[in-house]
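The following pair of complexes shares a single chain, subunit A, combined with subunit B in the former and subunit C in the latter.
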Partner chain A sequence: MLNTPFTYMPTGADWLRILPELIVFGAALLVLLADLFIPNGRKGWLAMVCLLGVIAALIGVGYLLSNGDSQTAFYGMISDDTLALFSDLLILFAVGIGLLYSPGYIERHAVTRIGEYYGLMLLAALGMMLMASATNLMLIFVGLEALSLSLYILCAIELTRFRSQEAGMKYFILSSFASAILLYGMAMLYGSTGTTSLSGVQAFFAPGRHPFLATSGYGPLLLAAMGLLGVGFCFKVSAIPFQAWTPDVYVGAPTSVTAFMSVGTKVAAFVALSRVFLLALGAQSDKWEPVFWIVAILTMLGGNLMAVVQRDVKRLLAYSSIANAGYMLVAIATNTQHAFSGLLIFLATYTVMNVGAFGIVLALERNDGQGTTLDDFAGLAKRRPGVAAAMAIILFALAGVPPSAGFVGKYYVFQAAIVGNHIDLAVIGILTSVLGMYYYLRVIWAMYFTEPRNVSGGAGAIAATTGMAGEDEGEPEPADAASGASVAPVRAGTATLARPVTSRRSANSRTVVATQAPAESAAPPLTLGTTVALTLAVVLTVALGLIPGPIVMLAEQAARLLGQ
Partner chain B sequence: MLFQQIAFYVLAAVAIGSALGVIFFRNAVYCMLSLILNLLSLAFFFLTLEALFVATIQVLIYAGAVMVLFLFVVTMLAPSSNDDVTGRDRLRWQWGAGIGMGVILAVALCYAAFTGRLAADVKASGAASLAKQVASAGNTQAFGLALFHGYSFPFEVTGVLLVIAVLGAVALGRRSGAKE
Partner chain C sequence: MVTLNSFLVLGAILFCIGLFGALSKRNAVAILMSIEIMLNAVNITLVGYSSAFMGHTHGERLTGQIFAIFIITVAAAEAAVALAMIIAIYRRRSTIDIGEINLMRW
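So, the complex of A and B:
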């Protein structure tokens, strides 16, 4: 290389190659400034500024895609190859949908730091984009920290809701620990190869480069590096056994944030993981493939099994996202170019479906964060046919029913696994998908084929189910629910469930919403932004299933990186 | 060489002992003090590796600024020495599991370290250019040149991290008055 790290100077072309990231950063700063001038009550405009920034960044991605020169910039720190742009597209889509959800959510919940909320959404997206585009361990870590720090704060941004604070704190402590482990792994990888650049690592292991090392083995340092890197990444993608934080954080965080982070983090972490393991450490695959094989099986089995017993739909979706991480790990363990393009297709379909699914939860959630149990979904088709239909389409897709996006994603991953001699993984994946169908379809069954329970239907039954849902949070209170249910007023048309929202739980969890809870037993109607976002998610879920061609082509082009 | 070896073993003992102290002292202030000792011994490690700049930074930033901040917070919260914060009763099985996993990890690492080899000819790779630069220009200058040339971009992105941290402090730390 002509330039050494000691003389390299960035040029204008370098800045052009990070155009989408620059736009997102600029929009974030603009939002933070605009927050000072926009009076309370009109903060919805901030969402508009954010969305314009996201759209501009999407145009930037489109420009770079059409430009198609796929170069690294800033001394090999970051790349604008198709893989980076593909993940930028997914992340920008996810943050765009999350931003569309936000005004409706903020209006109803205790988010008081609105300017900071919007700024951090964009900065989290920036961190994800940097992490997914990074071609150097240093930048992968800085991007990861940017996205993690933003998400810790976003999780805890509902200052008066206990579950939100709990989610932020849990995520902060556990995730910082995982970041430290990842950084340790990076340091050891640098120690064993002498470079932080991924292409440098790849070149270090190139056949014939170090014949002596290649025959005698690379020693324990490299093994420790790969182990620590694997643990760090597996935590970030919430693979079992590093999944413990996921349900609590996804449930506790503001739902608009959950919708965005559940997909954005996965896209960024999986792309960075692929760059590090499939690409840079590809020559050492005999050492890490078996580990990912085990983790993939554990994650598929565990995620699906734990999802089956959930009674809260938001929590169910959190476990389903763990299960989906398992399917993605199948592609990592298969480790072929074909499987990698399958992983990217899966990520795209998963992004579209999951933001939609959390959007429905957001639409049904009441102000106190309750109202998302299976019982609340009972008879939804009669009360809100539109929302129920959207949810049904998305759940069918998540279950992997053929003419939908979910089927396309699973098809490409499992087919690549079979072709790549991992029939075992494909079989387990397909079997666990069948298991997954059970809990997805159970929600649909609840929406279409059960009646909403009311007081006269029997307070005892409600008490029993409430007790079961309560167990999840470690505070079953059947007696309280039963006594409350017998006196709770049922409002015609909006009586979602006779379960009292003024239960002791909201008082217990130190929220202030108790003051407004009695008046708000039903979820308010959809805002314009939520409607637009849900429509977009549903339409894309169907469209990706019917005409997967373009996204498959793009994914295959991005995966060509592995073949080089 | 002998002197270096003696220095290594003394420093290693101090570093491990103080690290254990961080975990096992009951009084939080003692924990902090042994963490300072640990960081100082790491600084001496860097010195024995002739990484003068990193050693200085280690003392200035970690043993200095960061630890002062820690001590401020700890003494401000003023924990008394008989506060039992461990809550050991509920976590007993985790102790067993943690010790078991730790032993397995230690054995595996020892096995790998004593049967495998450390990569010896790393110098052939990117580290060589760094070594050359250090030899010709000196520690601090080589670090500065790398930071502001080849690694300038991650360094700049660290500025974004600072923005996020400030936003977090404002969003979570500021009193909102009516809502509390």
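So, the complex of A and C:
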């Protein structure tokens, strides 16, 4: 039997099951190809191609949701079950919003490799979708590396801003280090079970299959496998004590990329973690549950405590994403089907809130990457009431105030924890949420109840004055004048998508600013794409809070995988 | 006689060398090399297990070797990206010491 060659012919049904991934991959290739033919002045069209690809992939997800067969494809490598489609939905939403932010950001920040930027955004999304849909350790690894390699480059793509390169370098070192540890864990798991397929691992631990397991367990090899896998995944989801890279990378990376990666990698990593631990290693839960219990508590406490002392809002959001990872780990530690659907609902609400929050940061950021401290937010409500209102809604949601998306997510996770006999985790979660409320509401306080202080000096002030001068001459993008000539061709290039919204409101507010605090106004007006993306994020944040029904149903359907 | 144990011990030793290097070195290229050693330690472990699973079916037995090929491919891509970033940083800063690449601190 050993001598018969192994053959597997993929069928048409196999290809249909990876339809969304195929569409995203095709769009990425199309973008890279089109980049060669589109002249420098018109690169904005690439964003259009990407967005069309994402929309087509969303339609593909919709088609599979209604007509899919929830089977594995390609010899059990990848699955189109509801869990995979649910995470595809979140990842595609995140990359769509990130792409809407991109033209405006590229235009302001002298990103010269525009074709590569868009191509890598889609390839990173593809990696995330593969990782979330994978039902084999091998494909989890390939998806993880596809997303990581794309994100390393995306983080470091701003060649003129050193923080961007530093972020890329730090992300590379810590992430590939974590990948190596994760891989060693996978090798150990393969060694102890003889297979890399998740269903194979699950079957290996099925009761009665290997009688010696019941008496002796599998000893040190399996423990080492679970430990290494746990460490690797904790790095990827930025759980404490493996969170050190998160703030630096999130702050240093281009904000449009941060908005996308902060949620996309979380969705992919948490779904893959759930597939490996909750599903494949579910029979061994008595060994890994206590570890995740401790990590969840540490992450909730540490993330919130470190966020409290932050003065920079972008960095604060990075720590808040660590704290949110802690709430998600509560669901992992609870380890019930109910908690798993809670985790998925939390991921959905976190996605819409977080892309919105980073979008606001992007809207206020100046060209040198500064301008996001609490002092810069002071009095924002008077200068840009629309942006301030959007930020307030999103921050209330992140704080978990009902009826918002954030409340729904936390409610389902903590309720599942209480039902699943983890009242300790729920109590700590709720207490740390109160701590979280302090730093979220402090930003709102700064926006609405404090007067702007003239703190920004140096480059920011120069940019501001130049911006004002440019505005008087009727320049559409005043702040660009400060960042040098290199921006000029790029700016022309993205004009199609990134037409500045010269609304009456922003013009008025900037006149007010010019008389009151000139140094604060360097952030340019919102582009059309950013406005659309922010509106979408805010509307969904409110909508998920008011009518969570559909997403809850979908999450519960996806979580049914665990009950099988 | 090369047994499974030899593979595993060699893999573990290499992995520890890589781990130590990645944690203790300050030169970005040295860290990259350490990470590559860790990946190759995993390859050795996988191939070792793969050769030990004689009784299993053909597909399962080859899994470890195929996994190792995937890892080799990814490691090559990773090295390319990392070296490109290191060169970009060196051009700006004239250093690849990660202790000095540190603008951001909390």
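Quick note on the criterion: the second predicted complex is superposed on the first by the 490 of 564 C-alpha atoms of A that agree within 3 Å, B and C clash if a C-alpha of one lies under 4 Å from a C-alpha of the other, contacts with A are read in each partner's own complex, and residues count from 1 in each chain.
Please note the rule applied: a contact is a pair of C-beta atoms (placed from the backbone, for glycine too) under 8 Å apart; a residue touches a chain by one contact, two chains touch by 3 or more.
Note that the structure is a prediction, hence the values are computed from the model and not measured.
Applying the stated contact rule after C-alpha superposition, one finds that A:9 touches subunit B and leaves subunit C untouched.
Once the two complexes are overlaid on the shared chain, A:219 sits against subunit B while remaining clear of subunit C. In the superposition on chain A, A:123 makes contact with subunit B only, while subunit C stays out of contact range. Touching more residues of subunit A than its counterpart among subunit B and subunit C is B. In the superposition on chain A, contact of A:163 is made with subunit C only, not with subunit B. In the superposition on chain A, contact of A:177 is made with subunit C only, not with subunit B.
In the superposition on chain A, contact of A:258 is made with neither subunit B nor subunit C. Once the two complexes are overlaid on the shared chain, A:187 sits against subunit C while remaining clear of subunit B. By the touch criterion stated above, A:204 is placed in contact with subunit B alone, subunit C being left untouched. Once the two complexes are overlaid on the shared chain, A:243 sits clear of subunit B and of subunit C alike.
Residues 4-6, 75, 138, 142, 145, 149, 152-153, 156, 159, 168, 191, 194-196, 200 of subunit A lie in contact with subunit B in one complex and with subunit C in the other.
Subunit B makes touch with subunit A in their complex at residues 109, 112-113, 116-119, 121-130, 133, 142, 145-146, 149-154, 157-158, 160-161, 163-165, 167-168, 170-172, 176, 179. Touching subunit A in their complex are the following residues of subunit C: 8, 11, 15, 18, 22, 28, 31, 35, 38-39, 41-42, 45-46, 49, 53, 56-64, 66-67, 70-71, 74, 77-78, 81-82, 84-86, 88-89, 92-93, 98, 101-104, 106. Listed in rising order, the residues of subunit A touching subunit B in the complex are 3-10, 25, 29, 32, 73-75, 77-78, 110, 112-113, 116-117, 119-120, 123, 126-127, 130, 136, 138-139, 142-143, 145-146, 149-150, 152-153, 156-157, 159-160, 168, 191-197, 200, 204, 209-210, 212-213, 216-224, 512.
The touching residues of subunit A, when paired with subunit C in their complex, are 1-2, 4-6, 75, 137-138, 141-142, 145, 149, 152-153, 156, 159, 162-163, 165-170, 172-173, 176-177, 180-181, 183-184, 186-188, 190-191, 194-196, 200, 247-248, 251-252, 306, 310, 315.
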